[in-house]
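Order as written gives the chain letters A, B, C, D and E; numbering starts at 1 within each chain.
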Amino acid sequence: MKPDTFKNKIVPVTTILLALIAIWYVAAVLMNAPFQRDMDSRAGATPTTFEFVGKTLAQPKPILPAPHQVAQNVYENTVLRSLSSNRSLVYHGWVTLSSTLLGFGFGMLLGILLAVLIVHNRAMDRSLMPWLVASQTIPILAIAPMIVIISYNVLTGDNALAHLLNLDSDASRLVSKALISTYLSFFPVAVGMVKGLRSPEIIYLDLMRTYYASPMQTFWKLRVPASIPFLFTSMKVAIAASLVGAIVGELPTGAVAGIGSKLLAGSYYSQTIDIWAALVVGSLLAGVLVAIVGLAGKIVDRAMGGRPA
Amino acid sequence: MQAPSVVSAKDLCLTYQANDGPVRALSDVNLDVRKGDFVSFIGPSGCGKTTFLRVIADLEKSTSGEISINGMTPEEARKARAYGYVFQAPALYPWRTIENNIALPLEIMGYGGADRTRRIAEALDLVSLSGFEKKFPWQLSGGMQQRASIARALAFDADLLLMDEPFGALDEIVRDHLNEELLKLWARTNKTICFVTHSIPEAVYLSTKIVVMSPRPGRVTDVIDSTLPAERPLDIRDTPEFLGIAHRVREGLRTGHSHEV
Amino acid sequence: MRHLSFSWQGVTALLLCAAALASLPLLGEGATRPLSDGTASLIFIIVAAAALLSFAPQPTAYRATVLFIGAHGAAWMLLSALSGNEATATRAFFLLLFASWLLAWRCVTELSKLQPITAVGKSALQLLIPAIFGAWILILWEAVTRGAGVPFILLPPPSAIGTRIMASLPILRDDVRQTIFKAVLIGYVVGCLSGFVAAVLADRIAFLRRGLLPIGNMVSALPIIGIAPVMVMWFGFDWPSKAAVVIIMTFFPMLVNTVAGLAASGSMERDLMRTYASSDWQTLLKLKLPAAMPFIFNALKINSTLALIGAIVAEFFGTPIVGMGFRISTEIGRMNVDMVWAEIAVAALAGSIFYGVIALTERAVTFWHPSIRGG
Amino acid sequence: ADKVVLQLKWVTQGQFGGYYVAKDKGFYKEEGLDVEIKPGGPDIAPEQVIAGGGADVIVDWMGGALVAREKGVPLVNIAQPYQKSGLEMICRKDGPVKTEADFKGHTLGVWFFGNEYPFFAWMNKLGLSTEGGPNGVTVLKQSFDVQPLVQKQADCISVMTYNEYWQAIDAGFKPEELTVFNYTQMGNDLLEDGLYAMEDKLKDPAFKEKMVKFVRASLKGWKYATENPDEAAEIVMDNGGQDENHQKRMMGEVAKLVGDGSGKLDEALYARTAKALLDQKIISKEPSGAWTHDVTDAAAK
Amino acid sequence: MQAPSVVSAKDLCLTYQANDGPVRALSDVNLDVRKGDFVSFIGPSGCGKTTFLRVIADLEKSTSGEISINGMTPEEARKARAYGYVFQAPALYPWRTIENNIALPLEIMGYGGADRTRRIAEALDLVSLSGFEKKFPWQLSGGMQQRASIARALAFDADLLLMDEPFGALDEIVRDHLNEELLKLWARTNKTICFVTHSIPEAVYLSTKIVVMSPRPGRVTDVIDSTLPAERPLDIRDTPEFLGIAHRVREGLRTGHSHEV
C-alpha cells in the first residue's frame, strides 16, 4: 500500500460514506415517523421526542430501515451463519456472483463479436445495429421468465443441444440465468467497442494501408489497442448490468437461491430489513466487481505505456 | 537505355470535397520518376506535396488523370508492398515502445526472429536512437519521434521510399548525418526515393531530380535534373554548380509564391 | 472481361432447393387446403431463378433487384401457403424458406455495396437495408410459429401481433403516454443530467472523485427489482416512482462514461490550456467537454434503452392501471400474449427512434471524431 | 419411478403445504411417483410453463385456466383441493370505506396477473366503473405487500386470508381496526388453487393413471397437512419457505379452505366462475370439457 | 542600466521518471534572459530544449535549482498569463475551425467582440492563412497547421513568447517572410522571445542571444551574445560577422554532438 493511499482513497471514501449514513439516518426517521405516529396514537402512547426517534429506528418492518438494522442483519447473515446455510448472504451472494461472471463472460464475447462484425462488414453495420438497439428495448423482466424457463427446459430436455453440452440441472439453471446477464451486458460492450474499434486516428489507419496489412493485422495491431479505453469503460457498465441481470434472472426460478431470491422473499413479507440487507450485499458485490475491472484497466493502461495523468 | 519508370503521372488532378466547397489540391500534374531516381519535392506550404505522395501511396484517389507505379495501379503497388512511407507527423503508436513501433511493419510483413531483431537494431542505429528501444513515444523529444518513424520505414525492404519532410524537426548536424546515411543507403540499394523537403540545400544535395511545385491549385512548375555527380561529399554544397541549381530552385519557389504572401 | 460472380449464399440456396426437392411435399398430413403442384413448382422456380440470375455479370443494382424480388416473392408465397394449414409445414418447406433467406442476405450484401449519389437515395438505402433484415426476422418468426404450430401463448406469430396492435391503438397510446412521455423522458433527462453533473464535479474536485466514484459504482448495480418496490414506497404508485427508477438506472453509465471522457483529452491539448492559465471551468468547457463528447454519447445511447427497460420493469411493482409495464405484466397473466408482444413491439419502436435521434445528434456534434470522419 | 413435474402458482409457502407434505412424507413414492415441485413467482405463468412442456400438472386459479383454455392451451381441471376462496379486501377502519356503498371515488389495490377476475366480477355486480372518477373506483396494481394500506396509498387492499392479512396484523393493525370484505362470504368467490393437466395428454390412459396416483397422494398430503399444521409448516420451511411463524399461521388458515379434502370440483362453483368470466367478456364462449371428475373419482377408490 | 530579468534559471535540474529508470533532461542550467531579448535555443535533438521551455511555462516542475519568471515563480507567471506558447506540434482542436482555434485563447482571456474579430483576422493574415478561416484542422496541410498554431499564440498580448520550432515545417520563402514579420513584431512590441530552432542561420538572424545546448544530460554549453545590429535586412546573412557567429554556433553544436552520431 502506497503511503498516500490513505489520504487519497480511504479518507474521501469514508467521509462520503459517513455523510451518506448520516443522511440515511435522518431519512429513516422522517420516513418511518408517520407510521410510528399512527401506531402510537392507536396505542394511545405519548413518547418523548427521544423515545419516538428511537422507536422509528427500531421498527421490525420499517419503510426505510436504519443503517444499523441493516448492518446487523448483514452481520448475522454473513458472519454468524455457516456458508452453506440457506440463509447465509455469502451463499446467496456466491450464487449470484457465479451467474454474473458467467453471463458477463458470454456478454463480453458476444458484444465484442458483434462489434467486430459491425466494424468490418458494411452490411452488418447497416442491418444489425438497429436491431441490436431494438433488442435492448424489450423489457427483460417480461421475457426473463420465458428465457429462463425455456432455456432450462431445453438444456435439461431431450435434444441435440442438451446432449452435446450434457449439463446437470444445477449447471443448466446457472446457464439459463446467465443468459439474462448476457442479454443485458452485451449491448454496452458492443456499442463501446464499435466506437473504440473505430477510434484510431486516420493517419494510423493510413500507416496500416501502406503496409498492406490484412484486416486481421489492422484489427489486432491497431484497432484493438486503440479501443482499450472504450473497452474498459464499457466493461464497467457491462459488469454492473450483468449483476442486475443475474438478480433478475433469479426471480423466475421461484426464489430458490441468490440475492434476487432474497429480495423477492423479503418483499413477499415486507421484510424491508431483509431487502435492504440483500441490496447492500448486491451493491457491495457491484462495487467490488467494478473496482476490479477498473484496476485491471489501470494495469493494462500502464502496460500499454499509458501516461500518468 | 533509360531505367524503367517507377512513378508516372499524366494530367493528374485531385479535388478535396470540404465542408465549404471543393479544394483543388493537384492540377494537371505530369511527372515521370525512373528507377533509381532520388526526387525531391519542394514548394510552398499547402501546394499539394503531401497530397501527391498520398496518391502514389494509394491513400488518396485522384479525381482524374492517370498514375501508375511500377506499371501497376497504385492499389496493386500498395498490395505488392512496393513502398515505404514516412509521414509528415511521426504517427507512432502510443501503446508500443519505440522498438515495437519499428517492429510493426516487420510483424505485418512476416519478418521473423533474428532477422527482425537485427533489422530493428540496425534501423535504430542508423537514426542514432540506440538505447531508446524501450521508451514509449511520449517519452521522446519531437525530433527523436521523427527519427523513430524514419527508422520504421527503413527497417523493411521497399524499392520505393516516400518521405514527407522526414528531417524537418532535426538539427543541422543530425540532418547532415542522416542526409549522408540516406545517400549511402540509396547508392547501396538502388532504391527510388521521393522526398519532400523545405530545405533548398537539402533538396539539391540529395536529388537527381528536383520537382518545384506551386499552390492553389497545386501544380508542378519546374522539374530540374541535377547535374551534380553521383558521389557527393558534404562540401559539394559550396561548389558553384550546386549554388547554381539552388538558385534556380529558389527562383522557382519565389514565382510560385508570387501571387501570395 | 465479364466473369460470373458466384456468391456462397446463392450457391447454398441452390443446394437447399435441391434438398427441398428431394424431401417434398411442402405441407404434410392434415393440411386442409393442400398446395397445388403448380404453386409449389412456381416457388421452386422463383428461388432457383433468382439465385442463378444473381450470378450474372450485371450491375450491383440489377442483382440486388433480382434477389429482392426472388427472395420476397418466394417468402410471400410460402407464408400464404400456410394460411389454413397451420402446423403442417415440412422439412422441405423450411429448407425452401431458408434458401430465400440466403437470397435476401445476398441482396443486403449487394445493397451495401451501392453508393447512391443523391442524398435521398442514401437515406432510402439506409432505411431499406435494416428493413430487409428486420422483415426477415418477422418472416422466419411467422413461418416457425405458424408452420410448426408453436402454442399461441408461448409465442404468437407477428401477424397476430400486428392485428392486435391495430385493434388496440387507443390503449397503446395511453400506455405510451404514461410510460414514455412521463416516466422515461423525465427520468432520462434527470438521470443523465445528474450523472453528468456528478462526473463534472468529480472531475473538478479530487476529493469527490475519490470518494464518490466507488460509491457510485455500488449504487449502479442496485438492481431495479430491488429499488422499484422501494421507490413505489417512497414516491407512490404513479409515474414519479418509475421516473426515479429510471434516474437511478441511467445515472451510472453517464457517470462512468463522462468521467472517462473528461480524462480523454490529449496531454498537449491540456498543456495548451495551462499556458493560457485558463480557469478549470474554461478548460472543462472548451477542451474536456468537447473531447468527452464521444463518451457522453455512448452513455446517452446505452441509457436510451436502459431507461425504457427501467420504466417498464418498474411498473411491474404497483402502478395505476395504465402503462406499458402494467399492460405487459397483466396481459401475460391473462394469456393475452399477443398484447404483450404488441407492447414490446411498441417499446422496441420507441426505443429505436429514441436511439436513432441520439445517433443522428452524435454525428452532428462529434463530426470531428475519427469514428465519424471514417475509421 | 414415474416422473411428474408440478408447477406451483407462487413461491414455496403454506398455501402449497399439501404437496410438500406428500413429497416429504413419501406419499408420492408410495404411489411409485417421483415428483418434482417447481416453485412459482410473481412473473411465472404456470399456464405458459405447461404449454412449453415444462410441467405435467400445475396449480392454477380457475380463471387463469379457463382463459388459457380459450387461447389454445387445453387445460383440464383434474382436482380442486381448495373448495373455498381465501381472497379478501381489507380497509382501514379510520379510512373512508366502511361498506360496499362507500367504494365510490376511492382507491382500491388489486392484484393483477390473472388474479383480478374476482375483483372485476364483484365491481361488475356492484355496477361500479373501474376507470376512476367520482362515480367509479380508482384501481391500483398492488405490489406484493400491504404497504399501500400502511402508507395510505390505497383505501382498501387485496389480501389472502392466509397470507397478507397476517402481514397487516404484523404491521400493527388490530383485527378490529380493519373492515374485511371476504369474497366467499359475499358469495363472490371464484375457484382458486386447483390442479390442471393438458387435455391431449389426459387422453393417454397411462398419463391419466399417473395423474390419479398423483392426485391421490396429494390429497393424502393435504389431509395430513390440515391435521398437523405445525409439522406441515416445518416441512414447508425445509423446502425454502420463509418465516416459520407465518407459515404455521398460514397452514392453519389454509386448512379452512381445503374443506372436506375430497378434492372434488363443485360444479356450481365452476358454473359461477365461468359465468363471471363470460359476463366480463374475459372469455368469449362457454367453455366445455374444462373439468373432469374422472381423476378424483378414480383416486377416491 | 540592464533591462530587468525575465527568465532567470540557477542550477536548474530536471529528471524524468520513466518506466526504465530516471532520465536526466536538464542539468545545472544557468541562464538569464532580459526584457526585450530574443533568445534562440539550438542543440541536438533530445537535448532538453522543449523541456526547458516547458519548465519556464510551468508545464514541468524542475527537480532542483531555481527559476523565476519576471521575478515570480513559473506558476505565478503562468497565472498572470505572462507568456504565449507555440508547441512543437500544432495541437489544434479538431472540433474547432481554424478561426475558432485562434479565438480560443481570446475567449479564455476575455477579449470580446470586434477586438477579437480584428485580432483573428490580423493573426491569420500574418501567417498568410486568410481564406482558411472556416476549415477544420484536418483539412490543412502540415505547414498550414503549424502556421495556424503560431497565429493562435500571436493573437493575444503576452510579453514573453515561447516558440518551440515554430517554423520547422515551412519552406524557405514562407520562413523568411515569417522571420521578418516576427522581427518586426518584436521590435514594435518589445516582447521577449524564447525561440527553439534547428536552423543556424535562422538563430543567428533572429537572436540577440543564442543558447547552445548539448544532450545527455541536457546542459547549456555556450551562450553567444549577438553583435549584429538591431536593424536586420535579410541580406545581413551574407556578412562576415553573421558567418562568424554562425560558425561559432556550428562548432558549439558539433562538440555537443561529439560523443554521439
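Operating definition for what follows: a residue touches a chain if its C-beta (ideal position, glycine included) is under 8 Å from a C-beta of that chain, and two chains touch if they have at least 3 such contacts.
For reference, the UniProt names are A, C = ABC transporter permease; B, E = ABC transporter ATP-binding protein.
Just so it is clear, the model here is predicted, and its values are computed rather than measured.
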| item | value |
| --- | --- |
| Touch-network distance, chain A to chain D, counted in steps | 1 |
| Intersection of the contact lists for chain A and chain E | B, C |
| Fewest hops from chain D to chain E - one hop per pair of touching chains | 2 |
| Superposition of chain B upon chain E: rotation angle, C-alpha, nearest 5 degrees | 180 |
| Pair joined by the larger number of C-beta contacts - A-C, A-B | A-C |
| Most remote chain, CA-based centroid, reference being chain E | D |
| Intercentroid distance (Cα basis), chain C paired with chain B, Å | 48 |
| Rounded Å distance between chain C and chain E, as computed from the means of their C-alpha atoms | 54 |
| Euclidean distance of C-alpha centroids - chain C vs chain D, Å | 39 |
| Whole-Å gap between the CA centroids of chain B and chain E | 27 |
| Contacts with two or more other chains, residues of chain C listed in rising order | 154, 229, 233, 267, 316, 329, 332, 369, 373 |
| Set of chain A residues in contact with two or more other chains | 63, 141-142, 146, 201-202, 251, 264, 267, 305, 307 |
| Interface hub residues of chain B, defined as touching at least two other chains | 89, 136, 138 |
| Residues of chain A that touch chain C when the two form their complex | 8-9, 12-13, 15-17, 20, 31, 63-64, 122-123, 125-131, 133-143, 146, 187-188, 191-192, 195, 197-202, 205, 229-230, 233-234, 236-237, 240, 243-244, 247-248, 251, 259-260, 263-264, 267, 275, 278-279, 282-287, 289-291, 294, 307, 309 |
| Footprint of chain A on chain C - complex, ascending | 108-109, 111-113, 126, 129-130, 132-134, 137, 154, 206-208, 210-212, 214-215, 217-227, 229-230, 233-234, 252-253, 256-257, 260, 263-264, 267, 294-295, 298, 301-302, 305-306, 308-309, 312-313, 316, 324-325, 328-329, 332, 340, 344, 347-352, 355-356, 369-371, 373-375 |
| Chain D - residues contacting chain A, complex | 8, 11-13, 38-45, 48-49, 52-54, 143-147, 150-151, 167, 170-172, 174, 177, 240, 242-243, 246 |
| Chain A to chain D touching residues, read off their complex | 34-35, 38-39, 42, 60-61, 63, 86, 141-142, 144-146, 149-150, 152-153, 157, 251-256, 264-265, 267-271 |
| Residues of chain B that touch chain A when the two form their complex | 54, 57-59, 78-81, 83-85, 87, 89, 91, 93-97, 104-105, 107-109, 136-138 |
